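To keep things clear, I will list the structure first and then write my remarks on it.
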Amino acid sequence: MKLQDVKYDSLDEIAEGIRSMEIRGAGKIGRYASLGLSFLARDYRGKSREDFVKELKEGAKKLLSTRPSAISLKNSILLTLKGVEEGENVDEMREILLKRSGEFVRRSHEAVEKIAVMGMRRIPRGSKVLTHCNSNAALTLIERAFENGRVDEVYFTEYRPRRQGHITARRLAAGSIPVTMIVDSAVRYFIRDMDVVVVGADTVAANGAVINKIGTSQIALAAHEGRTPFIVASETLKFSRETLLGSLVEIEERDEGEVADPLKPSDFPGVNFRNPVFDATPPEYIDAIVTEVGVVSPYLATEVIRDMFGISGPVSTEGKKDETNWL
Amino acid sequence: MKLQDVKYDSLDEIAEGIRSMEIRGAGKIGRYASLGLSFLARDYRGKSREDFVKELKEGAKKLLSTRPSAISLKNSILLTLKGVEEGENVDEMREILLKRSGEFVRRSHEAVEKIAVMGMRRIPRGSKVLTHCNSNAALTLIERAFENGRVDEVYFTEYRPRRQGHITARRLAAGSIPVTMIVDSAVRYFIRDMDVVVVGADTVAANGAVINKIGTSQIALAAHEGRTPFIVASETLKFSRETLLGSLVEIEERDEGEVADPLKPSDFPGVNFRNPVFDATPPEYIDAIVTEVGVVSPYLATEVIRDMFGISGPVSTEGKKDETNWL
Amino acid sequence: MKLQDVKYDSLDEIAEGIRSMEIRGAGKIGRYASLGLSFLARDYRGKSREDFVKELKEGAKKLLSTRPSAISLKNSILLTLKGVEEGENVDEMREILLKRSGEFVRRSHEAVEKIAVMGMRRIPRGSKVLTHCNSNAALTLIERAFENGRVDEVYFTEYRPRRQGHITARRLAAGSIPVTMIVDSAVRYFIRDMDVVVVGADTVAANGAVINKIGTSQIALAAHEGRTPFIVASETLKFSRETLLGSLVEIEERDEGEVADPLKPSDFPGVNFRNPVFDATPPEYIDAIVTEVGVVSPYLATEVIRDMFGISGPVSTEGKKDETNWL
Amino acid sequence: MKLQDVKYDSLDEIAEGIRSMEIRGAGKIGRYASLGLSFLARDYRGKSREDFVKELKEGAKKLLSTRPSAISLKNSILLTLKGVEEGENVDEMREILLKRSGEFVRRSHEAVEKIAVMGMRRIPRGSKVLTHCNSNAALTLIERAFENGRVDEVYFTEYRPRRQGHITARRLAAGSIPVTMIVDSAVRYFIRDMDVVVVGADTVAANGAVINKIGTSQIALAAHEGRTPFIVASETLKFSRETLLGSLVEIEERDEGEVADPLKPSDFPGVNFRNPVFDATPPEYIDAIVTEVGVVSPYLATEVIRDMFGISGPVSTEGKKDETNWL
Amino acid sequence: MKLQDVKYDSLDEIAEGIRSMEIRGAGKIGRYASLGLSFLARDYRGKSREDFVKELKEGAKKLLSTRPSAISLKNSILLTLKGVEEGENVDEMREILLKRSGEFVRRSHEAVEKIAVMGMRRIPRGSKVLTHCNSNAALTLIERAFENGRVDEVYFTEYRPRRQGHITARRLAAGSIPVTMIVDSAVRYFIRDMDVVVVGADTVAANGAVINKIGTSQIALAAHEGRTPFIVASETLKFSRETLLGSLVEIEERDEGEVADPLKPSDFPGVNFRNPVFDATPPEYIDAIVTEVGVVSPYLATEVIRDMFGISGPVSTEGKKDETNWL
Amino acid sequence: MKLQDVKYDSLDEIAEGIRSMEIRGAGKIGRYASLGLSFLARDYRGKSREDFVKELKEGAKKLLSTRPSAISLKNSILLTLKGVEEGENVDEMREILLKRSGEFVRRSHEAVEKIAVMGMRRIPRGSKVLTHCNSNAALTLIERAFENGRVDEVYFTEYRPRRQGHITARRLAAGSIPVTMIVDSAVRYFIRDMDVVVVGADTVAANGAVINKIGTSQIALAAHEGRTPFIVASETLKFSRETLLGSLVEIEERDEGEVADPLKPSDFPGVNFRNPVFDATPPEYIDAIVTEVGVVSPYLATEVIRDMFGISGPVSTEGKKDETNWL
């Protein structure tokens, strides 16, 4: 992401871009949010440390308000502002922030490709791979593995209710990868023929549970039952600091119309609909999480989080001890 | 089924009714097939034992050819003709056949209601029940349980690809039962809130495996993981004698268009589709099979089959020893 | 049980003996109930078949009312009266009943000893055995095994809330068997040192689940986890025909004072107590059930029930088809 | 087995043939033992029922003494003599015995082929099959499956200590079946590539456990872990009536020299050797047992035994009640 | 803990307070022990570094001798003295010790409340919670969750042999929390109705096993079987450094009179009693350990220990390399 | 290892020693390789930093080429050269290298003894221990445990195809330890009598899987099934950095002659042989890995690797970011 290529020029423009979903995808949201804070710091003209902090906090809050439940957004803000309070004056603080932001953006940018290269190595030559929904990290990994002769064929689910398997279908077929679509219910029927399952993550919790698109945990269970390795591809940006402090990841439920589709809920008088978007896969069903910091056991999620945020020893229950409360 | 209420009057008409799917549903097909053989016997005018046997064999083959993979059809024919060869002359044979047919029809007719009443007793007061696809035996059981205050709420799956959950929705809602539709992928998410799972069966194999609509085995696995009882409602008509002789139940794959729906396969150039209709649930995930001969462990499927067909001791690998080879 | 040794001389006296708990223990209750019906038949002076049936039904109901949930009582009545309706007149009926009763009493009488001898063979020489609560069949089995040099040491639980381990302690110690008492919570701690677990049964259900004293299922789970064989000693008198027809065994809850003991519930203001007497052990945790008809897999419970009551083919949902509805 | 083709002409000659191991293999031993009793009956010249019984008992004991632990020998004798005591005089008894023996021999003779045909059907087209040791029933099944295009490749173990895999190697290679030998330790490494495991049985116990050559239970465990179906091919002749009465199958330990081989125990001063010949595979790891009475769940072993010996109701702890105590 | 509020004024007084059990509870013992060393340092008048070390070692040993198996006591001493040897002279050493002690006391003091706040977040709104024995950390967590509307009802065990459930009963009832007492054996009966289990820890081992009051591992097993989350609340003070060096935690056995209670061992002639106080719950049954350093997977116990003691790289088998051997 | 005791005096001599297998065993190879680099540095006479780096790289490659798949060789080179590039000139670089090498050699030298002492503590007094193949770390641990009265008896496998159990036999018998040899297939038969299993490791992967001699994973599975603790003794030298970057450990297959032995492959016309040397034991079957950095959960393998190589944050997919690419 070269700055000159960016069409936004202020935190406000970027916040609007996120809100309008012009900017989307976990990685992209994270990188642009970091950039937004850079713009704010770059343009700040005052000399007051306190005022600068106030402006940054307001900017951070504005960004977060655009997608409050997006973990990459929150992580991006926290990591970009981490340590800024150590600057003695506005100039030092700006310098720290720009440096942190630069590092953050570069790291995020390289993350998916690193994950793809490392994860690809886990796939034995000539494998059949199953994937679910439409994760960029998982699909990039599969594409790299295909290019390197490791993947022979990819099975993927339709993914009800949103049918994102349709997008997966087009992306993989465009790469000339032999692909086969199945309904979500057919996973256990085919799982013993699969050599490995690769999925993405929405959020990784401190105890190693992976929150991902609905149905993922069912697939993981079936894979575990039949000794098919189950691999998660996830940038560390998806690892949740809040879960280290005990929070459970809340599972959003979307519009019931999605479940009724292609009919409408009103076509079913007297019928309710439940439409949870995610579910939680427990760590015992996950063989490895591939991140840009390496291939790790899910049980090490806490260490990844500590390392990323520089946390050690007792924590404040609202965040790291002595940390400026940016959010 | 009173004979005067039946609109068909010959085996040929009934064969046509089955072929055209005017007659459908495992129980109905079985009962009408038996009736068809009764008509044939009733109308037979000859005196030759051999000729009668020949006619019956031809009739049996004609019936079977209408739906060769329907297990209830095959079982119906075999059970109706069982023992007919013991008649010394055509009259005795006719009498045996009509008696067998009458018994068969009555037993089949009462079976679902018996299953409903016995199965209902397995459901604790105030339960939440999950069901899958659209099985008459399972739904009747659930309705009886609701009428008796045992069921508070029913969850059911959309059931892709055929969306037979839509039919289930309408049937249960018509009975004023509080019902909730979920996508197939959401089963593991909700399973711990369910008190019991009730599904039907397409075929029950001799080793206790239940072949049922695709996705059933995945639900059974999730239920087993979380100690939710998993119950199968199935007339003994679905128990397969062939599996006692080693045959694996073949899993049919249907039109790939169903998986692509509501789009078309041609909308996905370069993409394959697999559409298995059934899967096999192993006996260790099934708590009980409710049949008209009682609530049995799946491991007793062999005994149910032996009892139904009167088999004991060594079998001929093509059927019971000394049995007239009707099919 | 020789008739001259019996101190009761009428069904009414026996009913009173059961109600007052003078007659107790599953086997004893069953045998005396059968005897009660014999007395009634012996003393009946009428000639009317219908009237005799009426009297028998009344007698049966009177007996059952003394302990309505005692499965051996119900089984005893049903087995004693089974087939009586086939007698053409009162004399024939009386003869049938007396014969059935005689058989029943003899079988019940010999059952525990047979169980002990066969079960003993399942215990390897020099074993440590764990038992729970105070089951006569289980303890007789253990005593036989000790006498034959197969048991070195017996561990048993205190069994809260009723502390029936104290009775077990005295019985085993009286036989000079080296015994060790532990609290119920300590089972998993010691289970890997045990060579086999032997318990009794209160009721055996058609799907192979064993309903027994509270805590049994927890012990079975711990034994299963550590590959310690888990054996149930149970007369077939404990097998429940109702469960074949779908009924769940109801778990009684007793007085909350037992949980509070040696204090009183009133010593704990604001505290509730729950005191279930039994729990259900699923068949997958049971290696074998030792009965007087042999050592069987729990999955064969249905066959034991069918065999005992002579049931085959479709059942009436209220009992065997065409059977006089004695209860 | 036509009588004129048999080179023996008396029970004594046959007993000698078994003892000298000229006659070997479970099936062969069983059939010749039955024949031996036929010879004895054929040649008996007396008229006294009691004397005939005495002669038969002596003959039975003589036969059994040649290989006391061979279950097929014991079963053969019991099944041949079953019901002989119902004959009113020597002629009737002889007739019964000859009829029973004829049936027994025919059934045993056809059993392996029936098992092969039925078991073959359980093997999906194009399978890789793993086998262990050198079981005739298992290998015949595999050969039939290969001839029918169901087996692509067979893996088998070396089978230490006796290296019977070497015999298996030669038999399968002679049939032009693609075969691969591995060491016993490599089973788990290859198991996920196998589509099915097929082994034989030495003894089948009443609770469904299969006692077979050492290492079998380890393979079953690995197969179960990875959802590879595990099938046992076994004539009912291997099912043990004693285990229904509680007996544990004793596991013989052979010469320690076999473990030290190709060195000698004396080459290892201070080292002990243990050489158990069999181990017990629990029923939960066995998908099906293929017998000549059909493909059954291991949990139905008791029913197979009852059926074969005509046992129902309470058993005498030393054998079926009222049965002449032939052995 | 303000110093002026403390009634002790020397290490000796504190040692006596611990020995007499006036000071008890893991946290309190740890904090007072640290304070005792502070008093000793504060009062030391000498100038000799060596002599000071000697005095400190003696003080440390005196403290430890009061409760040699109390892990919080040992950890407290080690953490208070850690790094003291780096002081160049007595004054520097004293300063280090007082600073370490202050940190230690503050951390310990805040730990339980932090655990309660973070752990509370793991409990879904409207939960039923089960607890065992009487752990302050677990109960504080449950109280916080109740105050925040997350807990509807608490079940707890009587906890034989010491009946500490009685203390739990009174504490929770005092807080107006709806509570229900059950016997230890009834846990599996109720576990599927529970939404979460919360217990404390006596010691946490390096491989993630939690040593806690007898019966805990049995509850964890039952919770795992039924997918009920199992959470341990434990200050890091309970994590054992020795286990990182291989030591197994020894399980103490207490007075056999406790098992016989309310009778006496002498009431049971010929009966032995075993009374282990703790058992070990393996990490695979623990979903999370809530500590003041965050919510961690049990598999991270080693990292918690390393972090707390500043250990990295190879260890001396008697303690950290180069560390003054304080104990 | 005192330098004067070493018979080699240059990297080339050492490389030759490794290639010819004069130098063997993971630890020895590692230490000599490090020494080889020390010799090279000691003898380097130039002044050019670049030239020195070039020489070191060539030396490193030469060493690695002698046994490219030996993980201890690669780790030794990487750890010896780690940080050398931070030297500003040749002298500083040499100093760094010699210091690193010294540390490396000492750590490696002490590792096995530390492992033995710590691992020994995990073995309860009076244990029966099972081991497999012939691992120095595992056997030293067992010997220390025997000397300390913790081990009563050792069972070990023959270990086909190489029969390294024969070497184990002699080593343990020489130490007067009561030992018993069994065939590989007999492990599950004896496992419940064993108190603990101790094996070595060839390679430890980042996700906690242990690659060790063929058959190890089968033993681990059987131990897990029966709750027998399974412990791996392994220097950190065996932990693979490549696996952190996604690489799967390749499993070598050796000469097919070993499987045919004591016959020859040519004795088996038409028979193939597969001879994998290692298999992978998943972390869920491993209770603890004993290393010189302590007793750790297998799930912490990543942390051990990071700690050893000083890795934190994002990794380059070809090695640690900014690291001189020595190999």
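Miscellaneous remarks
In order of appearance the chains are A, B, C, D, E and F, and numbering begins at 1 in each one.
Note that a residue touches a chain if its C-beta (ideal position, glycine included) is under 8 Å from a C-beta of that chain, and two chains touch if they have at least 3 such contacts.
Computed from a predicted model, the values in this text were never measured in an experiment.
Under the contact definition stated at the top, the chains bordering both chain D and chain E are A, B, C, F.
Residues touching across the chain A and chain F pair largely diverge in numbering: under half of the numbers involved belong to both copies. In terms of C-beta pairs in contact, D-F outnumbers the other of B-E and D-F.
Centre-to-centre separation between chain A and chain D, using Cα means, comes to 59 Å.
Each chain gets a centre from the mean of its Cα atoms; for chain C and chain E, those two points are 46 Å apart. Each chain gets one centre point, the mean of its Cα atoms, and the points for chain E and chain F are 37 Å apart.
Each of the following residues of chain F touches two or more other chains: 225, 284, 297, 299-300, 303. Interfaces, counted as pairs of touching chains, are A-B, A-D, A-E, A-F, B-C, B-D, B-E, C-D, C-E, C-F, D-F, E-F. Every residue of chain C that touches chain E in the complex is listed here, in rising order: 155, 157-161, 166, 169-170, 173-174, 176, 178-190, 214-215, 217-218, 221-222, 225, 251, 259-260, 262-263, 268-276, 279. If you check the complex, the residues on chain E that touch chain F are 206-208, 243-248, 283-284, 297, 299-303, 311-317.
Contact residues on chain A toward chain F in their complex (touch as defined above): 107, 110-111, 114, 117-122, 124, 284, 287-288, 290, 292-297, 299-300, 303, 307-308. Of all residues in chain B, those touching chain E in their complex are 192, 225-227.
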